[in-house]
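Each of the two complexes below includes subunit A, the first together with subunit B, the second together with subunit C.
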Partner chain A sequence: MRQKKNKKIRRSKGERIGYFLICLTLGLFAFTTVYPVWHVIMYSLSDSKRAMSGGFFFWPRGLDLKGYELIFKTSQIWVAYKNSILVTLLGTVFSVTLSAITAYPLSRKRLRGRGFISLAIFFTMLFSGGMIPLYLQVYRLGLINTFWSMILPTAMSAYNMFILRNYMQSIPESLEESARIDGANDVIILFRIYLPLCTPALAAVAMFYGVGYWNNYMNCLLYTNTNELQVLPLYLRGVLGGAAANALSASGDTSSLGEAAALTEETLKMTVVAVSVVPIIIAYPYLQRYYTKGITIGAVKG
Partner chain B sequence: MKTIMKTIVALLLVATFFLSSVPASVAAEETPVIKMLLWGDNNPPEENDVLSELEARLGVKLKVIYVTSDDYSAKLNSLIASNSLPDIFSVRDVKVLMELRDAGMLYNMESLLAEYGPDILAEVGENLYKPLVNKDGVYGLVSEAGLYPKSLAVRKDWLANVGLEMPTDTESLYEVLHAFTFKDPDGNGVNDTYGIVTTMADAATFQHLMSAFDIPIRFNNGTILLEDGTVTTFLKHPRFLEAINYLRRLYQDGVMDPDFATLTLMQSFEKLWRGNVGMLDFQCVGTTNNWYPNRYTFEVPKNPSDLFGFAYINGNGSVKLYPNYQTADAVINANCAHPELAVKLINYMYYNAEGQELTYMGVEGKQFEWVDKELGKYKRLGIYTDDAAHRAAGAFVYNWAGGFTRENAETRVMNKTTQDGLNAEWAVALDYPMIVQALETRLEYGAILDDIVKECFAQLIVTTGDVEAEYQEFIARWDSEGGLEFEAEASRAYAEENQEK
Partner chain C sequence: MNTIVGSRKGKIRKLLRDIRTDRALYALLIPGIVYFILFHYIPMFGVTYAFREYSVVKGPGEWVGLEVFQKLFSRISFQRAFENNVIISLLKLVCGFPVPIILSLMINEIRRSVPKKLIQTAVILPNFISWFIISGLLFAMFNVTSGAIPGIIRWLQPDAVVTNVLTDKNSIRAVVIISYVWQAAGMGTIVYLAAITGIDQQLYEAAMIDGAGKWKQMWHITLASLRSTIIILFIFRVGSVMDAGFDQIFALSNPLVVSKIDIIDTYVYKTGIEQARFSEATAAGLFKSTIGLTLVLLTNSIAKRIDSDSGII
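Entry: the complex of A and B
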């Protein structure tokens, strides 16, 4: 009789115990990382009064969507969502393009003074003029109260540009040389050869910019004066502040306070966090591999 | 196919680019426009019923730049830097306010008040020149709204259940707290109650406990006036250790919630709402008005005075409240094209009863109607029973405090229990040495001194060591960290200001 080959690697008792302990430790770490987010979402779906008693939230306590109802009931949330999506999409495309066309010449050794230019850009990572000089610049360019005031002032990040530059430096120069022999100029080389090869770096940088634009409310706060241009983070800040104010305000006949009075500040806080973070949570798993790759690609020379 | 897709995406992006760049068309304004920068925690649409009604009544179009409370300073600073201040705004930083006045960026409205601000003059009277910014003119107006003294609310049903009366001195107070903690006042058979909840997050929750010993406690610049005229921290009150020993007794005997050092203010409210404590020292505007009945998780009677009574220990109330005379709630830009209309608008919205009603409750007949105006009872109409719809119509959002006057649209619609509670507290509130001028030592050492006060207060309640010795250490630390310099400056400033009277 042929003996069945045992393909499984036999572990010693010590190895099995070690493996178990590793899994247990990692499982605990995973739980402590994931649970706070889960807690926030479950709290936001719970009845305010029952949620006040505290403790762990594995499931909603008395499913109640009043917090979401309050946030989504006004039309302003949709204006804010629209503006946030537009700013994120347009801003990301614009910023990635700007970063790429800056990174490419700086990655070429034949550019005279590239060291000095790189240093000047790097300097801006360490020191900044501050809020007032930037505001004055935006003001004098006539961008106040316009859509582009939420994109242009922070259009390019030096850090992201350097990630792209370093990645482009790792691409063999022989590719460029052979393209030139074939008659390609710099623009064609950049868009037809280098950018397709830089897809991982571009995706990572796009993710950095995208998350930055999605969470940014400061540009909207400083440079716009109208609700029509309000972005989601700013809208949610208003909702959250209103919850705290509700706790103490005596706004009229208490019997007509509506849903707002039945909601505690905690519930509204959790709902606000859930509304602002859920789109990122949905998108992140698809882009995570680019994110972790992006952190390191700029640091390692190919 | 790939090329076609790329072309379509590119064209869509370009279209979005241009669409987002199209400026909003601006209609020619015939009605004069006044711009106001306002902080608040709402999101009102720019066109709404209240603003339309204001325009109809006053002939002024009001445009509001609305930002959250936390972002107000950043927004104001950027507008100052670009010299594009709105016509009306508030300034909460004393340094910025004085610099704006000295730079000539604030309008002196003194000459306009008689004609355009009659309600302002009638309400403010001789206090018009009290704000720090109003030397040699009237550059700013200070609101007196929202100054609600704290009330020690006591569960009357619990008192009845344990067979005790409303406490009037420290011993009867202790007896009540003890019964509330150990005698099952809610009758549920579970030992789940405390006598009182306090929190280091807000000195208000200790006010009546400390005022029983004649000490006006405040964690932020809490001062007292000694007999020799020295203005100093309340830690140096002659009866401070006596008060601390009383609090230690409450803490050690378990009649005070033991988590006082870490609880947030909201958590302390929740304990009252859930029926876990029998007393809370806070403004009754919350306890018997705004929170009543929806916040409470147990069944409550229709009339709040059937559930709560107010206690005054040794005849004292809470700490007296003064407006912040170092800031200004309404100033006018020196470059305002229509300063007289700006004064008219402020007068109507914040000082006139009819205007307060409009901006606080909305348009009568549309957002609300009176049920009994004398008693302050009204009801919201139709869709405006919902808070979100009510605020979207412009009500409340431009005037959430009810006005700038102490009696205003908000106080007029409070229930009787709350109004009586507030009036009673005003009569017995403990005074403290209020100083208007900005003290340099306060700016330099204030944060550190306040931290020492809080640390001392909490530590002395819980310590198992020598209370007297630890107290002396804290006093020595307070003195050496700038406290003595503060004392000297504050005493001089107080004597100066009160000599002028």
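Entry: the complex of A and C
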């Protein structure tokens, strides 16, 4: 019988304790990341009265969907959701495209003025005119209270553009040369050859823009003042502020007035938070891979 | 034909010729340049409002030199915002900067790949969530009537009086710092982990043969290799020290705690957007941006003095 090689590394007691502590710390940290979301979902599914005593929730205390019924009956949350989704999708496509067509010329070493333009763009990462001048500029452009005011002012992030530029720079120039010999012009080279090669960087940048647009509420806050253009974070803000929550429970079906009364303000708040966060949780496993890869690419090449 | 090298006419001709050759590239650049001019550079010139009277009715008025700044600095609300800004930013820097480094070192030690991936997944999750959702989560955890933590405290000690940390002036800064660290740690951790995986494994083996224990290995190999990444991230971080986090502060502010966490950006918002005092708000914003720029240039030149390859400029 062949003797099995002893593969166990002898670890000192100190190392074993250290490892245990590391696992413990990381486990606790992961718990604090995951538990609050779980808690909110469980609370929102619980009977309002029984949930009122607080404490930890591992399961709903008496399954109760009244909160969800009420929320989904009101139309404002759908408006907010629609706006957030539209802004995120359109904004991401717009921003990624804009960043790519700006990054490509700047990645070509032969371009005259490349250094100057790159520096000018880089400078915007270090200094800005501030909130007020930007607001006045948006006003001057006639964008106040328009859908595009939530996309255009932040249409391109210099940081993301540079990630694309650096990635493109790392592609061998010989590729461009041989394409040119075959008769392709600059635009064709960009779209047919370089962009397909840049998929990892494009995915990364798309992730950054996407998450940015989804969570950004400042544009909506500053440049719009109508409910029709409201985005999800601001809707949440209204509910958490309490006033909207009271209005919601008051607007509950008069025929079910008794049930509306049984719905506490806290449960309503938890329900809205849950509704806001669940889509992220669902999309998260798919997106997280690209996000992590994106940060890696940005870090190494940036 | 004037072909003397260095002659002006020849240079201009060459420039025009190059532009013509690359005209497609320049065309591609136009939208981006227009964007930066419209939304970054023109507003930069808007800082002149800080030096003029500006009325909502009449528009920009006469130049008043530094009067606006004098008025601004004399306001208690601004002084308070500035003080909070600096304190909160420094606390965030001191508490928040080391955490991703430590986390990445810890995660690197995990041997089995499944828990390792799970931890990484858990760590960046807060990055995906907007600050209003986080404020909702904080509410769920800490609100006195039905929160998780107060509930536990009351279960352990039924008579305990629990303060609402979200509306208490004395605890709100801690809430801001801790929730910030919680939310932002993930991003940095992934960056450092990426850098760590690039380290040559043979260095560790050589060190082990030379008798270096875990701690020495970590210090001399892992941290040493991370040094340039750390320095670059640190420079960026210091440069944005005046950015104490509008999104977070705005989401967590309420009248009871605003005196302790109001920062320059939220001050600018209140003064400029809500009260339409454009001159003062612009002055405050300009003040903040200038300090930020100075800090980045300063930190960058200090970093270059230590290690000439480092730095972002």
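Note that the second predicted complex is superposed on the first by the 235 of 302 C-alpha atoms of A that agree within 3 Å, B and C clash if a C-alpha of one lies under 4 Å from a C-alpha of the other, contacts with A are read in each partner's own complex, and residues count from 1 in each chain.
Simple rule for what comes next: a contact is a pair of C-beta atoms (placed from the backbone, for glycine too) under 8 Å apart; a residue touches a chain by one contact, two chains touch by 3 or more.
All of these numbers come straight from a predicted model, not from anything done at the bench.
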item	value
Contacts of A:V93 with subunit B and subunit C, given as first, second, both or neither	first
Partner chain(s) touched by A:V34 [first = subunit B, second = subunit C, both, neither]	second
Subunit B versus subunit C as contact partner of A:M161, first or second or both or neither	second
First, second, both or neither for A:W148, with subunit B first and subunit C second	first
Partner chain(s) touched by A:K49 [first = subunit B, second = subunit C, both, neither]	first
First, second, both or neither for A:K73, with subunit B first and subunit C second	first
Which superposed partner A:N227 touches (first subunit B, second subunit C, both, neither)	first
In the superposition, subunit B vs subunit C on subunit A residues touched	C
First, second, both or neither for A:T25, with subunit B first and subunit C second	second
Touching partner for A:G115 - first (subunit B), second (subunit C), both, neither	neither
Doubly contacted subunit A residues - partners subunit C and subunit B	52-53, 131-132, 135-136, 218, 222, 234, 237, 240, 264, 266
List of subunit A residues in touch with subunit C within their complex	15, 18-19, 22-23, 25-26, 29-30, 32-34, 36-37, 39-40, 43, 51-57, 98-99, 101-102, 104-106, 108, 110-112, 117, 120-121, 124, 126-137, 141, 152-156, 161, 185-187, 190, 211, 214-215, 217-218, 222, 232-234, 236-237, 240, 264, 266, 269-270, 272-273, 276-277, 280, 284-285, 287-288, 291-292, 295-296, 298-300
Touching residues on subunit A, where the partner in the complex is subunit B	49, 52-53, 70, 73-76, 86, 89-90, 93, 131-132, 135-136, 139, 144, 146-148, 218, 221-222, 225-228, 230, 234-235, 237-254, 256-262, 264-266
Contact footprint of subunit A on subunit C as seen in their complex	15, 18-19, 22, 24-26, 28-29, 31-33, 35-36, 38-47, 49, 103, 106-107, 109-110, 115, 118-133, 135-137, 139-141, 143, 145-148, 150-152, 154-155, 182, 187, 190-191, 194-195, 198, 214, 229, 239, 246-247, 251, 265, 268-269, 272-273, 278, 281-282, 284-286, 288-290, 292-293, 296
Interfacial residue positions of subunit B with respect to subunit A in the complex	13, 16-17, 20-21, 23-24, 41-46, 65-71, 74-75, 77-78, 81-82, 84, 266, 269-270, 273-274, 283, 285-286, 289-295, 297, 360-361, 368, 377-380, 385-388, 392, 396, 400, 410, 413-414, 418
